[in-house]
Amino acid sequence: MRPSGRTPEQLREIRFTCNYTKHAEGSVLVEFGDTRVLCTASVDTSVPRFLKGKGEGWITAEYGMLPRSTHSRMEREAGRGKQGGRTLEIQRLIGRSLRAAIDLKALGENTITIDCDVLQADGGTRTASITGGFVALSIAIEHMLKTQRIKKNPLHGQVASVSVGIYGGVPVLDLDYAEDSQAETDMNVVMNDAGAFIEIQGTAEGHAFRKDELNAMLELAELGIRELLDKQAAALQAAKTPAAA
Amino acid sequence: MRPSGRTPEQLREIRFTCNYTKHAEGSVLVEFGDTRVLCTASVDTSVPRFLKGKGEGWITAEYGMLPRSTHSRMEREAGRGKQGGRTLEIQRLIGRSLRAAIDLKALGENTITIDCDVLQADGGTRTASITGGFVALSIAIEHMLKTQRIKKNPLHGQVASVSVGIYGGVPVLDLDYAEDSQAETDMNVVMNDAGAFIEIQGTAEGHAFRKDELNAMLELAELGIRELLDKQAAALQAAKTPAAA
Amino acid sequence: MRPSGRTPEQLREIRFTCNYTKHAEGSVLVEFGDTRVLCTASVDTSVPRFLKGKGEGWITAEYGMLPRSTHSRMEREAGRGKQGGRTLEIQRLIGRSLRAAIDLKALGENTITIDCDVLQADGGTRTASITGGFVALSIAIEHMLKTQRIKKNPLHGQVASVSVGIYGGVPVLDLDYAEDSQAETDMNVVMNDAGAFIEIQGTAEGHAFRKDELNAMLELAELGIRELLDKQAAALQAAKTPAAA
Amino acid sequence: MRPSGRTPEQLREIRFTCNYTKHAEGSVLVEFGDTRVLCTASVDTSVPRFLKGKGEGWITAEYGMLPRSTHSRMEREAGRGKQGGRTLEIQRLIGRSLRAAIDLKALGENTITIDCDVLQADGGTRTASITGGFVALSIAIEHMLKTQRIKKNPLHGQVASVSVGIYGGVPVLDLDYAEDSQAETDMNVVMNDAGAFIEIQGTAEGHAFRKDELNAMLELAELGIRELLDKQAAALQAAKTPAAA
Amino acid sequence: MRPSGRTPEQLREIRFTCNYTKHAEGSVLVEFGDTRVLCTASVDTSVPRFLKGKGEGWITAEYGMLPRSTHSRMEREAGRGKQGGRTLEIQRLIGRSLRAAIDLKALGENTITIDCDVLQADGGTRTASITGGFVALSIAIEHMLKTQRIKKNPLHGQVASVSVGIYGGVPVLDLDYAEDSQAETDMNVVMNDAGAFIEIQGTAEGHAFRKDELNAMLELAELGIRELLDKQAAALQAAKTPAAA
Amino acid sequence: MRPSGRTPEQLREIRFTCNYTKHAEGSVLVEFGDTRVLCTASVDTSVPRFLKGKGEGWITAEYGMLPRSTHSRMEREAGRGKQGGRTLEIQRLIGRSLRAAIDLKALGENTITIDCDVLQADGGTRTASITGGFVALSIAIEHMLKTQRIKKNPLHGQVASVSVGIYGGVPVLDLDYAEDSQAETDMNVVMNDAGAFIEIQGTAEGHAFRKDELNAMLELAELGIRELLDKQAAALQAAKTPAAA
């Protein structure tokens, strides 16, 4: 029995509030249950030094948690003077995952920075960040097309992410904090809309997992990601359509 | 004529969404028009070293802006490895202002940290932070009383803050970004509900201001702060009252 | 009764030792009683990035305290690896105040850096820094005119600063450390020689101040600043005049 | 055809030089072909703060690359003032992997720090670090048993790691730099001697991988890790046995 | 011919202004010609961790240059966020040199920090710092004896320092900046009043020096240091004697 | 009697393993007994800013110790976020010493960085670094000549370094850790193959040394350095000669 009463293959309630902020070219407040992440996509007409003059663009991501997004208050990274290993690891993961959805040549010499800031954490902040980050990115791309900064859409598909794990001996989908902190195994999976894997990160601090457990988790992940991809598409569609009077 | 169409003595629309997050002892999303700040109050049963063993508590504040809360993206302070001078200056101001509302001895050996994180900036983020910070602090104090961490309310009044300035030669209240970036003089005022001043910070990079201009601005500030104090009280009252069925 | 025996409206003994060091284009050792600050003005033929190519100059300030300028030794900021919030706040204030005295366009693409280093602290180091900083700046400008780096004087007036506060219930001028550490209210005022305000920063951690107290303090400040402006002018005049044989 | 001429399921030449340094409680120079990592295990009779008084020990890891361990010289992290995200990510991975092999309660209140310093890099430094780190850890544990710092062996198995990837469309084992920099997919696998997974990290920046490709890679990994576990055991055995005259 | 017109074995004019600041237990403004260093000695009733409970004291030194103490303005180390290698090297040298003059056991569990801050640099700031640092230290020790923080004088002699070098092929004493920047060889020598060496640091970036040149330089150094020791003693004596009416 | 059983004028066993790593233009593993330092020389076709456009090259050095190169583990400097004073002091010394062996104009606009990383420390790491650093530098220069990056050899001689000290009242050569930690006086000497001094750094924390002790130490140093220069030359010769079949 899951603490939330969900069935093993059930996602939390997923919500996308597109255009949550007014300054960013793309933005969305994504919620996976009580996990709430503000994702913004900022377009900049320059590229990192290693890409200068190559006619290619870049997607990069940054991640942060507000100090009291968590159960007990964490020290502010800006105050400590450095980002922790977990933060750096997560933002590298988000960046890699989103780059997998885009043709960097078609993006031209532009950089899009995806900022994922966790307003409230309840497990799965990195998978929510990737899933919401893709939505913010898509809105920004749409904006670039409309304002003719690029001519053709560089996105070649969708990307979403979910966590799976083994909780109480049972493979479960989309772990919340109550499960995550108790899970024997935790795996984050990123997939595209062609059903292929972009990233798999599975960790077993407590209990090493067998091949059959791995397979059960991967199947759950596929299921969940398909659902997330649908919800992303619906949210993006709704954001484009002017609301009826 | 103000860019927003407001009259000189008109505040922007003010909104307090109390209990915006679930982990913090006190929280509020405060909005001054398009300026949106998430304020949380975190209670910790310890005090900074300089207060150890004195039987007193402490109120401190931290301030941050999400990278794309602003018109163009700012570098993340956690990534740069240090908080800028403006950030430190603002968080010191918030802390001093809120300490003026509380009897630190009555707080006992507890520290309350007020985190003010700007989700969207449109001028006046520091005054919104102080005004919202007081609401988050009050909710946290209420929580401490209910859970009997303290016996009596250490707050001895309310505190709120607003900006005033001279825009186009006219003293105006509660400047938004369009005004702020053009104003000849900018002043932030913090007052309590007894109508006394806690902090005055007036700056004239362009045009030095005369005594009569100062007085006109201070009168506007008094007016605006009285209105803000009323709205704070109403929001706190509503947060306490269970919503009718 | 003031600890120093001064009357409420009496400044401490003010001394300017112009050209205290030989390398800087402008320098002065300024003393407000036992508070002793070495101010130097360094001219550099370049401007910060945000001004490149605009045909304008810049004035910036840095502030530091020697570790044992204070009653008990403070940790050296260079050793701690960062400047504290108080330091950053003060140097921003000095910079803004001095920029208010100068026509940046007339300065041409030059940057003048004012370094204010406190050799001995006894209250009022920031007001002494602004007041002395103006003298160092003036000497440097004089030097630029003589060496024909600029054609016309970009200064359009004088700037000076003093603190006022309420000590023992009485408004007093130019607080020394003994008063400052006990004052209920402390205010730093920066004015120009036209009698207009450039900066007002009033703080009440203990006792919130009323409008009439504010006015009494501002009157004292005006009085004190007028005296300081006279002393600045005299010191600058003496520095220009070759000593008689 | 692999650049090194190896068959797809062939490891590079693996060497363990146990007790490479004289100060550390455990040490080994591990070589995966031209990749050369010095692993030391240092025992300290204290634990991190979060474990104080719990009667448990801790295993932690640190990772570094000598500036010219790579093809072109990298900036020294100690000089830059911070460890990069890749470094932090790798040392977190090494620590987690080795903790999976040990009963922290049986370790008592001791911390073992595994330092993995890359003397020469040619692909697979993180898998060599884990595999060598386990050997250094085992020697240190042996030393603790001999010197009676602990009574019973807290290790409950072996841990080793290898990379697999898809190179030129073919799944291959233990990628060297020439392959790694060209691979479409790269996966690091950590397993124990019971054949279960401790960590799987698969990344596809270029080409998303299908389930069947994932399975092919995992099979290769299993094969390689079994071989590495045998070589670890042999090296540890040889280190214990005094060389014959 | 030396730029200053001095003979090869002639020191610059040496001045000690004892008790230059009022807060420090010991202070002196030392001048070697135009090189001007403010040395303060601060007594603290604690010791660094590695000495806790050993009944011994410690002498440590810190060194800094004001940004415009030099010909062109240097960046402030507090702003850069770290002390440079030269600074750290010099403060380690000052600390070692002064520790050689004192019986740390007789000092008891006290730490004396010598701060050497260069107000104006014209060559030889490190030798002036050591020579002045000894004076500040002596005054602080005197103060500790008078206030009975220690019972017997822990100083077992005097320490002073001077630079020597080869300038224009000729060994010279006490190089000023004009010489220092042109010298083929530069050597800093620290000696005690028993005529023994505490530290010798000789450097030849340009021209390697022969044994006979070394000997000539050492003889000059001995000569100069004897003179400095006399001047230290006289200054300390004068500081003790109340000025006649 | 020396702890190692050596005579006072006896070096430890010296070994140079040339071309220890494959990426660097020059590399050597140098051993002074149990002190083991990996020196690499990296060639870069650019120069520091202060040399841009002057047609000169630069030699710089960096130094580091692996955390467990020492008896008890040291904190990793990359983790602490800064290099300590000792590290900076040593790398400045290595750089200066090697620059004394080369004609920077003949090097052209190239920078050679010498990295000296201590794998195992047993006293004398800085002298081993200089002595090995010269070997790595020579190999890199040889490589530049062969690949025609430079036309003529910019080296104008050899450089080596050794420590001397007074141990148990007796002057001894090449101190190991057991001696170094007990020595009354410690001196590092750098000389060239013309028998002239490049650097002398003598320190007496405990016992100040007399002129005759200084001379005895310098004579030992000369002796030892002559031997080291011979071994360097032999190692470089062997590295050039293809091994016989």
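The chains carry the letters A, B, C, D, E and F, assigned in the order they are written, with residues numbered from 1 in each.
The working rule: a contact is a pair of C-beta atoms (placed from the backbone, for glycine too) under 8 Å apart; a residue touches a chain by one contact, two chains touch by 3 or more.
Since we're looking at a predicted model, the values are computed, not measured.
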item: Contact-graph distance - origin subunit D, target subunit E; value: 2
item: Size of the rotation, in steps of 5 degrees, that lays the CA trace of subunit C over subunit F; value: 120
item: Interchain centroid distance [CA atoms averaged], subunit B/subunit F, Å; value: 59
item: For subunit A paired with subunit D, centre-to-centre distance based on mean C-alpha positions, whole Å; value: 29
item: Centroid distance [mean C-alpha coordinates] between subunit E and subunit C, Å; value: 32
item: Subunit D: positions in contact with at least two other chains; value: 81-82
item: Circular arrangement of chains, read from subunit C onward through subunit E; value: C, E, F, D, A, B
item: Subunit C residues within the subunit B interface of the complex; value: 82, 84-86, 88-89, 91-92, 96, 99-100, 187, 191-192, 194-205, 208-211, 214, 218
item: Of subunit B, residues touching subunit A in the complex; value: 21-24, 27, 34, 38, 40, 42, 44, 62, 64, 66-73, 76-79, 81-83, 87, 113, 115, 117, 119-121
